[in-house]
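Every chain is named by a letter (A, B, C and D) in the order it is written, and numbering of its residues begins at 1.
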Amino acid sequence: MSAAQFEARVTANTRLGGGYFTLELEADAPTPVAGARPGQFVMLRGAWGRELLNPRAFSVLHAEGSRLAILAKPYGVGTRRMWALRPGDPMTVTGPLGRGFPDPDPDVRDLLVAGGVGLPPLHLQARVAAAAGLADRQELYYGGRDHHDLVLLHDFAAWGVAAHLATEDGSLGVRGRVTAALAPRLAQARANHERVRILSCGPTPMLAAVRTLGLAHGIETLLCLEENMACGFGVCLGCAVPVHGEKPYRYCCTDGPVFDAREVRWP
Amino acid sequence: MSAAQFEARVTANTRLGGGYFTLELEADAPTPVAGARPGQFVMLRGAWGRELLNPRAFSVLHAEGSRLAILAKPYGVGTRRMWALRPGDPMTVTGPLGRGFPDPDPDVRDLLVAGGVGLPPLHLQARVAAAAGLADRQELYYGGRDHHDLVLLHDFAAWGVAAHLATEDGSLGVRGRVTAALAPRLAQARANHERVRILSCGPTPMLAAVRTLGLAHGIETLLCLEENMACGFGVCLGCAVPVHGEKPYRYCCTDGPVFDAREVRWP
Amino acid sequence: MTHRSPSARDPASVELACEFGPLRLQSPILAASGCFAYGQQFAAFTDLRALGGISTKGISPLPRHGNPLPRICETAGGMLNSIGLENVGVEAFLRDKLPFLRELGVSVWVNFFGTDFPTYIDCARSLGNVPGIDVLELNISCPNIKHGGIEFGTVPEVAHRLTRACVEVSAAPIVVKLTPNAADNVAMADAVRQAGAMGVSLINTITGMAIDVRRRRPRIATAYGGLSGPAIKPIALRMVHQVATRFPDLPICGMGGILSGEDALEFLMAGARCVQVGTANFAEPGACPRITRELRALMAELDIARTADAVGGLHPWPPEAEMHDR
Amino acid sequence: MTHRSPSARDPASVELACEFGPLRLQSPILAASGCFAYGQQFAAFTDLRALGGISTKGISPLPRHGNPLPRICETAGGMLNSIGLENVGVEAFLRDKLPFLRELGVSVWVNFFGTDFPTYIDCARSLGNVPGIDVLELNISCPNIKHGGIEFGTVPEVAHRLTRACVEVSAAPIVVKLTPNAADNVAMADAVRQAGAMGVSLINTITGMAIDVRRRRPRIATAYGGLSGPAIKPIALRMVHQVATRFPDLPICGMGGILSGEDALEFLMAGARCVQVGTANFAEPGACPRITRELRALMAELDIARTADAVGGLHPWPPEAEMHDR
């Protein structure tokens, strides 16, 4: 699905608690973002004049026809402005960009490991799987600081996707990091020769821990990475990802954002 | 009345036609701008981040208690943003600044000569005079390109201030420039030894013509000038006005914006 | 909304085509080096054939992998980059990238650099004699590589020698891209002009820094990077104007923070014969064609018939005594 | 809204007081020259006693009337000014302005300049031996006057001689304000340091231009003016960092685009011992006290006990292989 740049308007900006919000946008006509795979992203820019030049990257949470939604949290100056957007405000969208996760596979269990604003790709993967009747092939492992950090849980419940929650303060699910919940599951899968793969998106330290676990258990691990992006379509070369192999870098926006954990040059 | 800086919210942004709009603002508590004289101004700045640094100057159109209103027209980047403001949007206000016109005087006729966004000081002068029962000592000479360029006429009518209108296309009042309407009035005043003075605000070419007329007739002429301003309170030295006398410049924001036409160093 | 004077002429009658030294460009709006890669990615979004030309990512004799990450961050009205001149190298460029560019029918500017005299000259020789390359843009100004780059761009005598050496081995005309980090751009322009440069491009990015106070470290891994975007436009316009005023016959390609047709026209009026659009392409793949449309409309409004008529010719301010009519 | 780590310490416990060479400042936040006049106008809006100090408008031996208008215009994230160093002159300054400043109890920096060696020295002598003046800030960097100004600021040997001559006649320590228009700020800093300057201020404005395309003329009457504001912050930070890295013992007063406490902290971490706030004062007469409050809160959040602990000490980026924990 080739990408396009188009104008859209905010139709809703919903505060979810914990600082999270979903932003829903609508264009005048159906857009190619409706065909986005889980893990693909859009570049968004508001009417920011000459102060903020570059758009910001957001994973597609959901898209259909002329509509699309993302999940975000105020972080720096761009996301703080997005937090304050109101219905009717204009945004410029470019997408869908990048390569997403593989399709759900009836023969494989997807262990969806999410943290923070890394939820959208896994939320969309679960949605797609559920629509294909493969909800029971998806298991969500979702961690955060506290219960405010875990959002959109009802969707997984509605789709019939099992959710394993972890919070650092124990206010929801098991107490601890998401990897604590994941580790025994990987051991079990290995013991049972079960075909599983890890699909993960979240803060980089979490991804690093997931990667270490996945590699240790010899389980296919796909990481959806974040890098600072100026363009999102392969021209600025800002979004280099350090990789093993012939060349030291690949590009988050065009080669990723989904990378095989083995490829990523992390310790 | 000493100036203050305070936060306010837009309560109304009213399109008047011809590109003009009035912006009404309200602060949490009464502000010193309520005591502004006609010709005094405020510096306004929206939530413009780091792109536009400096506030913009606007004559006080009306102020009472915690409320104030200005009249404007989209011109450059700042006024274009103001055009798009909506109720609830925040603005930072500093004012009242500068020195305004003299009080209405029962023994003198004020010939209020206005053009474009130069109307507010004269509108406020007429309002003040009317409140003091001196509406009949005020005469408005108001010119524009066409009838869209002449706004808020009903106020003058309500106050009982006579209005002499001129449009370049003849669509309202006499055809021609406002000076064409003013010139015979000055001749008449001189012939009758009538005590009149000119109070004028508008585009610089108009002010230059008014000044020439006033000087030619030996009539006291007060011009409310515009200069690029960064601060509005006398520190940047950006708003120099060329004057005759010992020093080549005075400052629009602190010495003005109202200057005696004789003082201004124009040809 | 705002009262705009109605167009003084039909926008369709505005002639954007212009000359840049011996070159004929169909429009003065080109894409800037490092901000357009080798053009392909833009084909999906926009019609590349409307451009005046494309300046490629800087090419070196051998491929380069670039700098460690993070490589970019945003600042007020600008961005810092420290890409490190990552590029595919001469050989892969000629094989994989040039055919696509040549096909477009727009003027092809190949931005290039070396790390010392021999590699610069090698590069000029390999690229400067290939059909379909219209200009070699000699980059003596990249702040992001350790060797070469900046020192070539700040000492007039060195720039002179380097330019002369490249001119001698290249059939394609050489346009030297000057760095704003030099003390005196006029002296630099003079040096390369006398060495046979056909023209100059200015400006490249300005060395800058940003700090993440929470992590107490620079925002980009190399600490310093190149500042681009509207933040630098006033500096770029001043430099273009200085050089154009001093050397009215030297073709100048102006750039730095162009986001709109009006920005482009500012550069033309400052004395540039054509301009490049850089950072704007990242947010908006269709930036160049939009800016071209805006320039055309603005020239029509201001009754400027041809690009050449827009170049230079700034009016001085009248004496203060006559300023009442501004 | 955003999750901020709760303050690591009580903001009230943060010690803003700091040393700048022999001076003790009660806060590292000063008001910048030319952006605060002589202080009086701000008294109506804000408590001046909370400042670390005030740098006055540049003073010359005789009063100056400044440049023709228009003198200012805004650019993306910045503004251009060409005030032309208008000032009341030494005599009126000492008589009418200094008493007010001295009363405040904050450190008084008198920014000064001449048009040639004798007038510079004259000025240093008249101002440098007056009680209540804590620093003479030697402005060798103003782009807006025809004579003096820029040439003094770009040639290290000239700056050295000028600084030495001023140091010799002034009891007050001399801080030299360097210009970003020089090729090599490190060389300039070295030259004035060796000439006996107590410290350096950087940066002054950068020469820039803006064009009104509709009137086809420069936006300010002198065509070129000085660019200030957030647009130049990355350039200023880089220059402060370069000089601080090279001369860790030389006190640096950093400035350029500071609008917030976080901006100020960036300058401290780049190596400045104190900072000045310029353009921000125009929009917000209370900018300096607000920035001071923000700096205090941010230092508390980051568990920085004293201003001195905020200065310098940037962490380098870890090798890429360890970057996953960023």
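Simple rule for what comes next: a residue touches a chain if its C-beta (ideal position, glycine included) is under 8 Å from a C-beta of that chain, and two chains touch if they have at least 3 such contacts.
Since we're looking at a predicted model, the values are computed, not measured.
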Farthest-lying chain, centroid of Cα atoms versus that of subunit A: B
Centre-to-centre distance between subunit C and subunit B (centres being mean Cα positions), rounded to whole Å: 45
Geometric centre distance via CA averages, subunit B-subunit A, whole Å: 55
Inter-centroid spacing, subunit D versus subunit C (mean Cα positions, whole Å): 32
Numbers and ranges of subunit B residues touching at least 2 other chains: 50-52, 242
Per-residue multi-chain contacts in subunit D, two or more chains: 68-69, 76-78, 229-230, 320, 323, 326
Graph class of chain-chain contacts, one of line, ring, star, complete, other: complete
Residues of subunit B defined as touching subunit A within the complex: 49-52, 77
Sites on subunit C touched by subunit A in the complex: 34-37, 41-42, 44-45, 57, 65-66, 68-74, 76-79, 81, 83, 86, 229-230, 259, 279-286
For the subunit B and subunit D complex, residues of the former touching the latter: 2-5, 43, 45, 50-55, 92, 94, 227-231, 233-238, 240-242, 247-249
Subunit D to subunit C touching residues, read off their complex: 68-69, 75-78, 80, 154, 181-184, 206-211, 213-218, 221, 223-224, 227, 229-235, 237-238, 241, 257, 262, 265-266, 269-270, 298, 302, 313-317, 320, 323, 326
Residues of subunit B defined as touching subunit C within the complex: 19, 50-51, 73-75, 80, 83, 145, 204-205, 207-208, 242, 265-267
